[in-house]
Amino acid sequence: MAGSTFGRHFTIQTWGESHGKAIGVVIDGCPAGLPLCEEDIQKQLDRRKPGQSKFATPRREADQVEILSGVFEGKTTGTPISLLVQNTSQRSHDYSEISTYYRPGHADFTFDEKYGFRDYRGGGRSSGRETIGRAAAGAVAKKILKQLGIDVMAYTKSIGPISIDMDHFDKAAITETPTGMPDLEAAKKAEAYLEACMKETDSAGGVVECTVVGCPAGIGEPVFDKLDAVLGKAVLSIGAVKAFEIGDGCSVARSKGSENNDAFRVKDGSVTKETNHAGGILGGISDGSPIILRAYIKPTPSIHRTQQTVNKAGQEISVNIKGRHDPIIVPRAVVVVESMTAIALLDLLLENMKSKMDYLERIYLA
Amino acid sequence: MAGSTFGRHFTIQTWGESHGKAIGVVIDGCPAGLPLCEEDIQKQLDRRKPGQSKFATPRREADQVEILSGVFEGKTTGTPISLLVQNTSQRSHDYSEISTYYRPGHADFTFDEKYGFRDYRGGGRSSGRETIGRAAAGAVAKKILKQLGIDVMAYTKSIGPISIDMDHFDKAAITETPTGMPDLEAAKKAEAYLEACMKETDSAGGVVECTVVGCPAGIGEPVFDKLDAVLGKAVLSIGAVKAFEIGDGCSVARSKGSENNDAFRVKDGSVTKETNHAGGILGGISDGSPIILRAYIKPTPSIHRTQQTVNKAGQEISVNIKGRHDPIIVPRAVVVVESMTAIALLDLLLENMKSKMDYLERIYLA
Amino acid sequence: MAGSTFGRHFTIQTWGESHGKAIGVVIDGCPAGLPLCEEDIQKQLDRRKPGQSKFATPRREADQVEILSGVFEGKTTGTPISLLVQNTSQRSHDYSEISTYYRPGHADFTFDEKYGFRDYRGGGRSSGRETIGRAAAGAVAKKILKQLGIDVMAYTKSIGPISIDMDHFDKAAITETPTGMPDLEAAKKAEAYLEACMKETDSAGGVVECTVVGCPAGIGEPVFDKLDAVLGKAVLSIGAVKAFEIGDGCSVARSKGSENNDAFRVKDGSVTKETNHAGGILGGISDGSPIILRAYIKPTPSIHRTQQTVNKAGQEISVNIKGRHDPIIVPRAVVVVESMTAIALLDLLLENMKSKMDYLERIYLA
Amino acid sequence: MAGSTFGRHFTIQTWGESHGKAIGVVIDGCPAGLPLCEEDIQKQLDRRKPGQSKFATPRREADQVEILSGVFEGKTTGTPISLLVQNTSQRSHDYSEISTYYRPGHADFTFDEKYGFRDYRGGGRSSGRETIGRAAAGAVAKKILKQLGIDVMAYTKSIGPISIDMDHFDKAAITETPTGMPDLEAAKKAEAYLEACMKETDSAGGVVECTVVGCPAGIGEPVFDKLDAVLGKAVLSIGAVKAFEIGDGCSVARSKGSENNDAFRVKDGSVTKETNHAGGILGGISDGSPIILRAYIKPTPSIHRTQQTVNKAGQEISVNIKGRHDPIIVPRAVVVVESMTAIALLDLLLENMKSKMDYLERIYLA
């Protein structure tokens, strides 16, 4: 394996370059008997599609998913599900110039160092288009979780200096605003901020938050595969994410034990917590409270400004990268964070099925 | 696997409970021919040993490591290295009370939910003693990295509100101060802060930073096993870590592209970067600059205060947990963050050996 | 993972059903810099294509492979190689009858037991068409091995009671005879035997042998991933294989130590063995002699005879399965055994790159 | 990983050399709640202990197992179970001579080639003592299987030319005869045969057969992790095994479809098979019939005869290896084959828990 596979049980393997013939994902380990059709997946894909707002590249890709295997008579068969999206507009560009130097903030230099050369067309394998496979597999994972009563929801928490106000949380706004912000007022301010960035030929970063409601207690393995560690890897594997938080995150470092501990309580006969500083995870295992995580995303590295860099001949040069660039990655990353969270959580739910003899007996002695 | 294994190539498997007979780690995949003796490992272990300062439990454990296999005539043989530490003082406590309720901020409740019951003595498997195995394996990983010219160094960056001043960086202070802070002035302030916490029967959190110098460009796999994602998982799998950052971390969310991009430069004939906002990683692959990461650690959950919780019978109760508790986890976590960083990085260095035909030919056609 | 992935380093994941839209394989972990084009793969695929002789189903499939990713400007890029073959003739059959009962010797019953239902068209996932992905990936593995001086060659050793005579070994005959036998005389006899089988509406089994020449000593891991164990899994994972041998295989059980031991000798300054009862593997590790393995393959289960079976309603019934059936699996299995051998061996060659510090230094300190 | 780990769910990692301080195994993934004590394991270990008959080395090892972790108040906790056996008699020998040359039929040469040097004392890691860990873990696997109604039983099928008569099958004789043969008459003949071998300073091979009764249909993954492939790898990873068969094994190659197909029948309302040529596996998935497998084991390579070999200086020499050697490996391998079968089967039972949505719902929606 060379890192294009995620998950031990619900295993996804993505493949494809930005400007190759197609891009796709193979899911191995999807339980049999899940109703599944192309629309189920297309809906999630459409949320990350380019060309949908003034803040996203107008690239004309249908990004239409095809199910090539693993589904029969409308249900998953338990065998690998191969999902494919054709790259329809891949020949529109001239990459001869970009192939000769290293764009700042991009993976051009590191790919060349690793492999000796690179597919330089549109970022090749390091392109954001790789996340199509993640979103497609995420749609399947989300559907399984839903059937088990678990909801995963991501949204834009902040863009540059503009943050949402949780008291004004408006779920519908996540998909209705171009920013993915569930707060119409903050969304408006963020749009103004982004327009200013674009005028200054600059770009902005932001924060995606994701919550999971309905996850039973007991999910996550106690040592290296802690729920937070696995979620962390899932989210940090998304390009441009530079920090990851669970619950109170960074702020715990300045907190005191008396403030940070969540008191246990009993509610409707169940153990619950008075507060949720822990973000739903104790000792790496879900505690039944909502799981809360955040991804901090850097500003788009491609900007319309003259930048200092180096070419393949080892000379220092000034470049101004052509083409239209998204002023922000965050809104399109929302569905990817949500997808990776769903995939990682499902993987640990499957892992947990072997945690006690009682579960084995429910299946094999029933 | 149920999560006690880390790494695909340099694979470590830790085992053991706080109050079992012993605790240990098995390393599979250590290359043959590395000079290795017990002292090499003991030095790293001694850095996390309890009873060394007023801020750490005075538990009297020798924590003496034994090499049981995998080393012959002073060198690693390429076969599994089994490392064992006896638990010598494990019967000193009465855990009958603690076994009946769930300590706030601990994994008692989640272990019971997952497994149906738990080894309640000293936290069982969720005890900090599990990290002995990580530190022991980390010593081996660090030795291999050193031989390849790569240095990994962690230290305390902040405790509560007190942060080090990088301009006063003093490497020796890392092991000489009880806080692990490489800045004597900040260390003194942090000690005063911790003493105040102890007086108030409270505890503090903090930040561990880790830097890697000498890592070649090209390490890390482009998609799910990005260097930052693998380091993130490694560090987030350490108990009490609630956030993880690479390079500028969270602050990128408020930065602009023009500020956050690192310009490439040529220095002494090599490609380098003018700044290092990226923390040494571009597109998930090392770029040759120092790798910089941070772990945000919560305050010790065990405090000498009356806390609200729930017992196994499902009743709300008030508890005041007996025993002496460390007022802070951070100083003892330094060596664990350093160890996990070394292990994760080494694993990806081994993975990278297969990245190009040129490397296969260097080994098989030499 | 649910078993559609093979290999830890050169990892192949096959997907697709006999009568789905397409069938394919994704290779992750192919080193960068290998020259690769569709013809390289097509040649290997053509060897297993149906409709090529009187002993193989006349199904009209072009089985044309497409490279969808991982190759740029004629060379592998180090990222996943997605290979796809369209299923062009998949709607030619009526499977309504077959869907209601369990064919003897097939996986119909076991799939239903495992998943609750099955894709019954042409065997679904358990169809021999799944091996297209193996053969395609095998072509890539063979090309890498070739570049390292290693040759993998499989052929039909016997069909029913007819065996080749090693003294008449004729390599060209492997691809020129419809049986895959490298002995024209034996091939003729085998053809006559198969024609007799067909007349009797019966089917035959046989043996595929595979040899590897040029493999360096030292490949294979000493305990669970012994070279013979990994080759055994690779070959036993091919449908219809019921036994696997290395070197002298079963006959060692009747041999004595004095007969079975291979004396070491020195030849041209290198250590070699006087005999090769061991089949090139000692203690699970290659010893530099040719590796020799055999797969024993059962007769095609589909025969034009009335057979006793059970339907989904749990009733005993008599059936006579319609359609034209191959009288033997062996000739088309040759390329699959060869492919799986190449893939398994390459995987362990990559694993072995981490076996000693010397190798790490050759790559990172060069 | 470098091959000392087996299994994805019930994962065992063995470590230790013949003459190191100790030898052991860590089991990760044992479900919580299984009653387990040292005697449960010791019983299985005692079956492979040396010094028990005239056909086994009189090495005086107590081989007493210690449970170091993962069991609390008599039950498994779900966390890693570390099992250790001290090597008590490891300093009794002088290995200075053996260190200088390569014993025929042993792994001395291949270890040197792989790692550059080897632990030459008693075979180091390639010693039969490595199987202590397998037998110990096998005892745990067998106990879990037993609780699910599944019985695994191995025995000696043949020694040299002497085979058991299945009509005289006598289960008690497996542990009561020094040969492990469940047929007292054949056992006597085999003993005479072995005594003759010993007089001629020669050694013998043989066959171990293993049957599994009570395994539900549906176990095994359809493509690469077929039940037969995984069992094959498990058994072929045992030193000295040179061939592996399922059901009718090698003989299928000469059989016809009309003979080899097993007709399905209905018995007591369940689907069953009239015959069991398939050995309980169809399409890589268990069919509910007994699983039958065989391991073909080579004669002990160490014999008291002058043999031709090569020393480390590359010179051809004659050697006569000192010490007392077992004339046969087979009887002590019986428990190892049984253990590996149990471990492999349990691993796939755990894998199968994720095969359908129905199972997920039984655990998460109950």
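Here the chain labels run A, B, C and D in written order, and each chain numbers its own residues starting at 1.
Going forward, a contact is a pair of C-beta atoms (placed from the backbone, for glycine too) under 8 Å apart; a residue touches a chain by one contact, two chains touch by 3 or more.
Note that the coordinates shown come from a computational prediction; the quantities given were computed from them, not determined experimentally.
Is the number of contacting C-beta pairs greater for C-D or for B-C?
C-D
For chain C, which other chain has the most distant CA centre?
Looking at centroid distances, B is the chain farthest away.
Taking each chain's centre as the mean position of its Cα atoms, how many Å separate chain A from chain C?
Centre-to-centre distance between chain A and chain C: 38 Å.
Provide the C-alpha centroid distance between chain C and chain D, rounded to the nearest whole angstrom.
Averaging C-alpha atoms per chain gives centres 26 Å apart.
From the C-alpha centre of chain B to that of chain C, how far is it in Å?
The mean C-alpha positions of chain B and chain C differ by 45 Å.
List, in ascending order, every residue of chain A touching at least 2 other chains.
Expected reply: 1-5, 8-9, 14, 29, 32-33, 78-79, 114-116, 125, 216, 222-223, 354-356, 358.
Contact residues on chain B for chain A in the complex?
Residues in contact with chain A: 1-6, 8, 14, 102, 104-107, 109-111, 113-116, 125-126, 130, 158, 160-161, 197, 202-207, 216-226, 228-230, 232-234, 236-237, 239, 241-250, 252-266, 269, 271, 274, 278-279, 282-288, 296-303, 305, 307-310, 314-316, 351-352, 354-356, 358.
Under the touch definition given earlier, write down the residues of chain B that touch chain C in their complex.
Those residues of chain B that touch chain C are 8-9, 29, 31-34, 78-79, 144, 147-149, 216, 222, 349-350, 353-366.
Would you mind writing out the residues of chain A in touch with chain C in their complex?
That would be residues 1-5, 8-9, 11, 13-17, 20-24, 26, 28-30, 32-33, 66, 68-70, 72-73, 75, 77-82, 84, 114-119, 124-125 of chain A.
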